[in-house]
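Following this line, the structures themselves.
Each of the next two complexes has chain A plus one more chain, namely chain B in the first and chain C in the second.
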Partner chain A sequence: MSFLEIDHVSFTYPRHDKPVLTDVDLHFDQGVITALVGPNGSGKTTLTRLMIGVLRPSCGEIRLERRPLVEYSLGEIGRRVGYVFQNPDLQLFCGSVAEEVGFGLANRGCKQETVMERVAFYLDYFELKDYADVFPLHLSQGEKQRLAIAAVLANDPLFLVLDEPTVGLDAYRKRLLEDYLKKISRSGRGMVLVSHDTAFVDRVAERVVILEKGRVIEDSGRKGKAADEA
Partner chain B sequence: MKLDPRTKMVMVLCLSGLALLYNTPGRLLLLLAVTVAILLLFRFDLGAIGSYLKPFLSLMVFLFVIQCLFAPSGRVLLAVGPVPLATTGGLLTGAGVVLRIVVVTAAAMLLATFNARDFILGLVQWKVPYELAFMVFIALRFLPVFRDELVNVVTAVQLRGIDLKKVPWGQKIAMYRRLLFPVIYGAMLKAQRLAVSMEARGFRVYPRRTYLRRLNFRFVDYMVLVIFPLITIVLILLQLS
Partner chain C sequence: MVQGLTYRYQPGGPLVLKGIDFHVSRGEIVAVTGLSGCGKSTLCYCICGAFHHNRDGVMTGQVLLNGKNIRERRAASLALEVGMVFQDPDTQLFLPTVEDEIAFVPENLCLPSARIRERVEQVLDLLGLAALREANPHRLSGGEKHLVALAAVLALDPPVLILDEVMSQLDQLGKEKVAAALKRLRNMGKAIIAVEHNLEAVSLADRLLVMERGELLSCGRTAELLADRELMEARGLLYDPSGSAQDS
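Up next, the complex of A and B:
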């Protein structure tokens, strides 16, 4: 059984006539990195927002661990699925970079030492240590992107949905992100990444789904080394 | 029905003025019915009012309860010992406060039935300096931005695995208090960026500004501009007498 199932989902925004997504039927498994690609306006971000319960399908159903997504609260979804927004400004809300990374853990009752340890690790990995006390919205675009990713990864989610994670990152930082995502995937966790960065997708994704005008026009299925091993 | 944006602005002022003046639920309900009828005349989607009011629902419930508790009058309906918790007068005052918010919000929706450019143009043709008109427009534009910002933060907090419904109230208030400053500061940063962007596009560089379009009153506008304020003045005088 797949971890996240999108079952014949269509979606139309309120007060709009034209559907953004039509009859999308996709299943996502743990341990697989899936890339969602397609031109601007093809419905990629809308699909990710449906996957995390921020939007609800006009018809069809989404299931997370076999349970309908509508039965989960956003908090429950957040504990299972980590979501990196397309625009990091929308998900940074704390007074400092360190607080941002530790927010989820601290508010879920983790021990202070554990929080500090995890925060230190992610600040170090994403090279944000020097900005620990800086107000997040004062960072550059690339730094904000790294912070948003670090803050989500620090929560240790079972599954990841990353909307344009490489925007604003230089080649070196893209490589760091790639290594980390592959490491997560090897640990058995799945992820969906939306990206226009074809080189990044080629290197990271084991499965590529192409969306166009709100419909899935191609699904490569699981490919490559990972598929052979499975 | 098509009306000049300035006519609609006058209608909003009249409806909001009456909403602030009226304090009985009966009259406010009547005013709400008139406002809704006007909105329907402009084919406005009434569902939008609900979505605008939704984030303020808890505030409205809070105000209703406060009014019930602290403005007791009339017959006592519920009491704990000598302390009246709900009185007929308190309930009416509470309902009045909530209805006032709904009427003002619904009336303000009339401003959404024309575009922002017409809003500025209307004010400028009323001899309001362009800078001031633009400032008013930006202030109005920032209200939904600020609302969206709050919604985004609440969503982002929950997506970090925090079940807000299960967090005890004391902890929740402390969390919101901590988040309030970054949200306000974030909105200020956005305003700052907007100012830079405006200046980069030549805002206030030249003393004179020209406009491609001019708004013109039609007969129906003159009619509304006479009848609406006249009725409002009569209603105000009746209320005050």
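Up next, the complex of A and C:
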């Protein structure tokens, strides 16, 4: 049984006639990195917002760990599925970079030592140590992007949805992100990656789903070494 | 022309730009690349005049536009000559339709309505946005927003264009449209500065500037610098689709 199931989902924004998504039927497993690609405006971001419950399907159903997503609170979904927004400004709100990375952990009641240890690890890995006390919105776009990713990963979610995670990242930081995503995928967690960065998708994704005009036009299925081992 | 430009966000704070010197001519595209946080966007803000009135920031050196120091220019008059597309298009889109967004500046310049319509149609056509003319810019995808922000700046028809990572969220077709538009604008004599991480996207530039920690590390013909894989690799700017992460 898949971790996240999108069952014949269609979606139309309120007061709009044209559907953004039509009959999308996709299942996502743990341990697999899936790239969601397609032209601008094809409905990729809308689909990811449906996956985390901030939008609800006009028809069809989404299930998370076999339970309908509508039965979860947003908090319960957030503890299971980490979401990195296309625009990091939308998810940064704390007074400092360190606070931002530790916010989710502290609010889940983790011990202060654990929070500090995890914050130190992620600040170090994503090379944000020098900015620990800086106000997040004063960072450059690439630094904000790294911070948004670090803050989501620090919560150790079961599944990840990343919307254009490489925007603003230089090649060196893309490689760091690539290594980390592959590592957590190997540990059994699944993820959906929306990206126009074909080089990154080629290197990271085991499965590629192509959306066009709100419909799935191609699904490669799981491929490569990981699929052979599975 | 940029001469000895330095910038600090606060007095006594760290230098974000450390003496940058370069020039851009009419009919030339200059790309700027470098690791994130190296000062590329700060450089753009300094050139477009957004920072020289910032009371907290400390800027030294000078930015000359047609030989005149931009510090002596009012922000409103400078905006007519230097158009900038920001890295985050949400910061510059605020009207209810794409068409309104593009028409905003020409309307505020009190151009005749026929001329405004003509400019709007020209840029809608140039960037392939005609089908989205009635759409709400805030409801568009990230890539489409970037195209609308670029269209709104092009409607101003400024002689100098600064583009901060406009290609980053575009699909292949969008990238091709923007590349074609930039080549056309170059032929029209515009001076274009484009910040990019994607080395494929910088290849259309005539010259490439590589920045590192606020300094200008290299400046030269784009093809020559891109061919110097050792330099690009050493500076962390090469993302090779064929290699493995562990190798690099």
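One rule holds for everything that comes next: the second predicted complex is superposed on the first by the 230 of 230 C-alpha atoms of A that agree within 3 Å, B and C clash if a C-alpha of one lies under 4 Å from a C-alpha of the other, contacts with A are read in each partner's own complex, and residues count from 1 in each chain.
What we mean here is this: contacts are C-beta pairs under 8 Å (C-beta built on N, C-alpha and C of every residue); 3 or more make two chains touch, one makes a residue touch a chain.
Being a predicted model, the structure only gives us computed values, none of them experimental.
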| item | value |
| --- | --- |
| Which of chain B and chain C A:189 touches, first, second, both or neither | neither |
| Touched partner set for A:38, first chain B, second chain C, both or neither | second |
| Which of chain B and chain C A:207 touches, first, second, both or neither | neither |
| Partner chain in contact with A:118 - chain B first, chain C second, else both or neither | neither |
| Touched partner set for A:76, first chain B, second chain C, both or neither | first |
| Partner chain(s) touched by A:89 [first = chain B, second = chain C, both, neither] | both |
| Touched partner set for A:169, first chain B, second chain C, both or neither | second |
| First (chain B), second (chain C), both or neither touched by A:135 | first |
| Common interface positions of chain A, toward chain B and toward chain C | 89 |
| Of chain A, residues touching chain B in the complex | 14-15, 52, 54, 73-79, 82-83, 85, 89-95, 103-104, 107-108, 135-137, 151-152, 155, 157 |
| Chain A-touching residues of chain B, taken from the complex the two chains share | 45, 47-48, 152-153, 155-167, 175, 178-179, 181-183, 185-186, 189 |
| In the complex with chain A, residue positions of chain C that touch it | 9, 33-37, 40-41, 87-88, 90, 132, 139-144, 147, 165, 168-174, 197-199, 236-241, 244-246, 248 |
| Chain A to chain C touching residues, read off their complex | 13, 38-42, 44-45, 86-87, 89, 138-143, 145-146, 164, 167-175, 178-179, 182, 196-200, 202-203 |
